[in-house]
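Shared between the two complexes below is chain A, which has chain B as its partner in the first and chain C in the second.
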Partner chain A sequence: MVKRSTRLAVIGATALGLLVGFSGCEREARRFAAAPRPPDARAQAESLSQQQAGPAGPGMREAAAAGGYAEDNAYTLAQGKLYYRWFNCVGCHAQGGGGIGPALMDASWIYGKEPGDVFTTIMDGRPNGMPSFRGRLPEQQAWQLVAYVRSLSGLVSGDAATNRGDTLAGGQPEYLRDPLPPEDKKR
Partner chain B sequence: MPMNDALHAAGPQAAWIGQLWWFTLWLCVAVFVALMAALAWALWRARRPAGAMPQPAPPSAGAERLARRWVSAAVLLSSLLLMGLLAASVLTDQRLATLSLDGALQIRVTAHQWWWEVEYEDPRPDRVFRTANEIVIPVGRSVVITLLADDVIHSFWVPNLHGKKDMIPGRTATIQLRADRAGTYVGRCAEYCGLQHAFMAYDVVALPADRFAAWQEHQLTPAPEPAGAAARRGHELFLTGSCMLCHAVQGTSANGRRAPDLTHFASRASIGAGQIANTSQALAQWIEDPQKLKPGVNMPAHLLPREDLAALVEYLETLR
Partner chain C sequence: MAAHDYSNTRYSPLGEITAANIDKMQPAWTFSTSVDRGHEGVPIVADDTLFIVTPFPNRVIAFDVSKPGATIKWTFEPKPDRGAQGVACCDVVNRGAVYNDGRLFFDTIDNQVIALDAANGKEIWRVRLGSFTSGQSMTMSPLVVKGQVLVGNSGAAFGVRGFIAAIDAGKGRETWRAWSTGPDKDVHIGQGFSPFYAADRGTDLGVSTWPPDGWKTGGGTVDGWLSYDAELDLVFHGTGRPAPRNPLQRPGSNKWTSTLFARRPATGDAVWAYQMSPNDRHGYDGSNENVLVELPLAGRQRKLLMHPDGNGHIYVIDRASGELVSADPFVFVSTSQGVDRATGALAYRAAQPPPAGRVVRDSCPGSAGAKNWQPGAWSPRTRLLYLPVQNLCEDTAFFAASQIAGTPYLGAEAKMHPHRGEARGAFIAWDPIARRKVWSIAERFPVWSGALATAGDLVFYGTMDGWLKAVDARNGRELWKYKAVSGIVGQPMSYRGGDGHQYVAVLAGVGGWAGLIVSNALDARDGTAAGGFVNAMKDLPKVTGKGGMLYVFRIP
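Let's look at the complex of A and B:
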């Protein structure tokens, strides 16, 4: 007869092991399709040309509410990193260190660090040069960019590493960097 | 209908490689037949009545010497045959390098996950143009293809025209070939490059010189101004929406280089690098949800109102 405490310990350890094991399952999931939409989405869908700069449209709330955003996912981060290069975020923010635009790898956020804030910054633009990508950038790609931008300052779990860079730029992977302290209020 | 394999050569390069292949095959067949014959002969010579125990032969200097001679002869012959194969391989390489490159057409092919960017080079910058997933070449004229890779390692392979050549990011490789027969030859990526590696195909279309020249002149023309209300609406959608962030159409402000150039898109045979035939129905499906047709592709889904989707398709169909 096994002692009750031993049996409890075994069950507890197994449960903990399973929890740890399965918590990684979502890491590599690749969500290719756009977030599921209600059946009448087509009627509500904004046309491309109407997605010009302006107040946040219904699509934005929809994508966030439908679980389209998952920053604990390697594929999301890798796609975000790809688009960061494709759509020339590098031109102003460099590889996160900033230049013409503010640095993204430090802990200071002028317009907020929450996913929704970063999404609004990308889609609607901000004063002093950040352009609006509304209507240009499909929402799914924008959310992937949000996840990558947040990962630059260590706001995203290190488990979901951006898997590779397609450029020759070296340095530590984003997820291993320590977030830099906020800069003095120069900007 | 030409077969798309290395044994139906459509040009000198594939023909040389084909010769080497046949030579290797027949040599190996001859060796195999000789070995089997020797084995059969040995078995026949040593036959004995059923149930009889083998009698060890008494040691004799003569038999020993004979066996040693046979083994030495066999080793020598095998070495010579292997040397012959080596020589044939070297000679084939030499032949491949003798293709005359006078007046060769220069093409630059860049492999992306998962499509092919094709740029026709010319000393005059206004005669450079880009297309995708379709390489049109003139019959009887040498072509020098510069091979590049944008993201991961890919490999260029048109079995009817030449062997494989790897495309490695940060490196430049070239391949020289010539098609002597007009036709359409399928090319494939021959190095695993990710999820859609198996669906990264292209066509090499060999046209007679005069038809090639006409094709080239046509490719150099910018996209026509759309006629009709629907096509004009599609044109507007293309330029004000997300399409132009990645795609280019010459003659408009769309100048993206991250996805196939669409200037003469409607004249191409397939969508998605050989994934589906280029029909208006397939195009509408592709725009609406490319992930359904080619999971993992970098083109995002676009859920458009029905009339906008139709207008966009109609505009793209005018890009002949």
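Let's look at the complex of A and C:
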């Protein structure tokens, strides 16, 4: 009975061109953005500014909520994964294990793990070496990047997180990630 | 100077400590640097004073070694911009200061070169040679030649354009700067330039061997060691890898990256150049040390330069002409099949680099090279070159990198692993006349420290799991070891104290590219972390922790 009604609903939705049947499934709730482009090499050649910045204020966190920031969303996370590579985040933070910059796949967050904190870190930079990307990256794309960065340590739903990428795999794909306290990393 | 002498031998003529008495050697004094990143520096001693430069924040400390206890004479805080930590590819290291004529010269991570009065630590001048926001940093140990301080930049991983510059030691004014890429004028290639091999001859090769404008962000930094031959009046230095790391984005030989240069110290003019790894696909770099020796070869005494390169070959070169005498692999090499003596060309095994996205397995050596920054030592008594090496291969995949100033310009991901499950490091003795390895000591981790040879026929090196070891220079037999507070990636040295006795000093404090997993608390679950080095170092945090400590040993 249940099975049958579900099937009927799907058929009905498809026939009518409505997506009502999927309204409860965030994985399919795509937010359509302008076609993404890789950063232009020459236009980006000027220096990134390095700014002193504090943690995100409450206003920033409210903006995240009000702006419709939704991180349990496969499209958002896939876009974020693309920008993570295009904007060279991967060069310092690797696939979350870090390098020049700190690891992003553990439970340790120097400047805060809330979406607003991560947004501020990306856009304004941090004083110990994180450059500011303000002016290089539209805010909507920055929020997609925020969602992806949080997915590196398993802070978003595994249903929406990206699978292994089309590259050399460093470790577990994002959808299987689980943060560990820093002291447990030395297993 | 860091390398003991202009020839970069790291050979101490002190012979009080020998195989017969070293079993009694113990710490005379120690000092905590209060810095916990990679200590790749070296203590230097002059005027009964021992000087060290710490990793960022590049604090300089002078100790009075004329009396027991080694009290601190002075401390100097250069206060570099902390934002520069974000462009230091391979930990926030500093490889040491240089003393000359009552002054101490060193560079800071944010591209300042500073001169201090060695007697009191007062600043005499400082000059800034670029901005870290472009991706440039400074980590190398300068050399003073004929009243000029020679320094070079770091940051090939960030797509900076490499250079070596000369600064008037008295006034702190830049007198010349020779770039590693670009038009001949910028590279200081002119009338007197006469490279030995045809591949290095031509006009403006620093432009024409790149895609349009590629040379402007092409790397080739001068972040390694400088040596000088007063008789020939030539300075020798290597240049770093090209940028980006992805070779598909820079078709061409990419001159003058991964190249050896001989230059006139007064003008910077190039006399010869020899590119070891054209289009350096594997990121082997050419910055390793050049050790100057005179050896009898085929019946005559020759002025030679020995260069153990990242690509796995030890190059022996006639340092007056740039002619290759021999090039032999000193570790397992799979990426190339030797160097052609007639043309000087490295024979890559694959005709082309792999297409983007394809993972190439088991490239040996990996991108850290057969040997990285860690300098070897030469003993004129044994006529052996002692080399700290790593035995690592790599799986690599390329992708298109975006050029955004101040961010890494790589386009490659990698995972390193030991060659066929063997030990990850070794300390080897190489005979350049017989062209063979005489002995080798296997080490669990890459040997990331420098080497020291002494007239007592001892050789010293440190290990990443924290041992300072002394071995017999002739056969490699272990004679003594001491477990330090943290892994050793510094450069051991020896000096005569105020009491007339021989001392051995070294900085402990694990870090550097190989030790970032500890010094920057990286996550071992991602093998691509730290450019793939983490994949080979997952167990390092189990055996050592952070810590910066100066150790000074003697026989009581």
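One rule holds in what follows: the second predicted complex is superposed on the first by the 118 of 187 C-alpha atoms of A that agree within 3 Å, B and C clash if a C-alpha of one lies under 4 Å from a C-alpha of the other, contacts with A are read in each partner's own complex, and residues count from 1 in each chain.
Basically, contacts are C-beta pairs under 8 Å (C-beta built on N, C-alpha and C of every residue); 3 or more make two chains touch, one makes a residue touch a chain.
The structure displayed is predicted, hence computed values, not measured ones.
Asker: So, does A:136 touch the first partner chain B, the second partner chain C, both, or neither?
Answerer: It touches chain B and chain C both.
Asker: Scan A:128 for contacts with chain B and chain C and give back first, second, both or neither.
Answerer: second
Asker: If you count the residues of chain A that each partner touches, which comes out higher, chain B or chain C?
Answerer: When the residues of chain A touched by each partner are counted, C comes out ahead.
Asker: Of the partners chain B and chain C, which touch A:82 in the superposed model: first, second, both, neither?
Answerer: A:82 sits against chain B, while chain C stays out of touch.
Asker: Under the contact definition given at the top, report the residues of chain A touching chain B in one complex and chain C in the other.
Answerer: 41-42, 45, 47-49, 86-87, 136, 166, 168
Asker: Which stretch or stretches of chain A touch chain B in the complex?
Answerer: Going by the criterion above, the answer is residues 30, 32-34, 37, 41-43, 45, 47-49, 51-52, 79, 82, 86-87, 135-138, 140-141, 166, 168.
Asker: Can you tell me which positions in chain C touch chain A when the two form their complex?
Answerer: Chain C residues touching chain A: 81-89, 131-134, 157, 217, 357, 359, 395-397, 399-410, 413-415, 516, 520-531, 534-535, 541-542.
Asker: Quick one: in the complex, what on chain B touches chain A?
Answerer: 150-152, 169-170, 236-237, 240-243, 245-246, 258, 289, 291-292, 295-296, 298, 300-306, 308
Asker: Within their complex, state which residues of chain A touch chain C.
Answerer: Residues of chain A touching chain C: 38-39, 41-42, 44-50, 85-88, 90-92, 94-103, 105-106, 108, 125, 127-131, 136, 166-168, 170-172, 182, 185-187.
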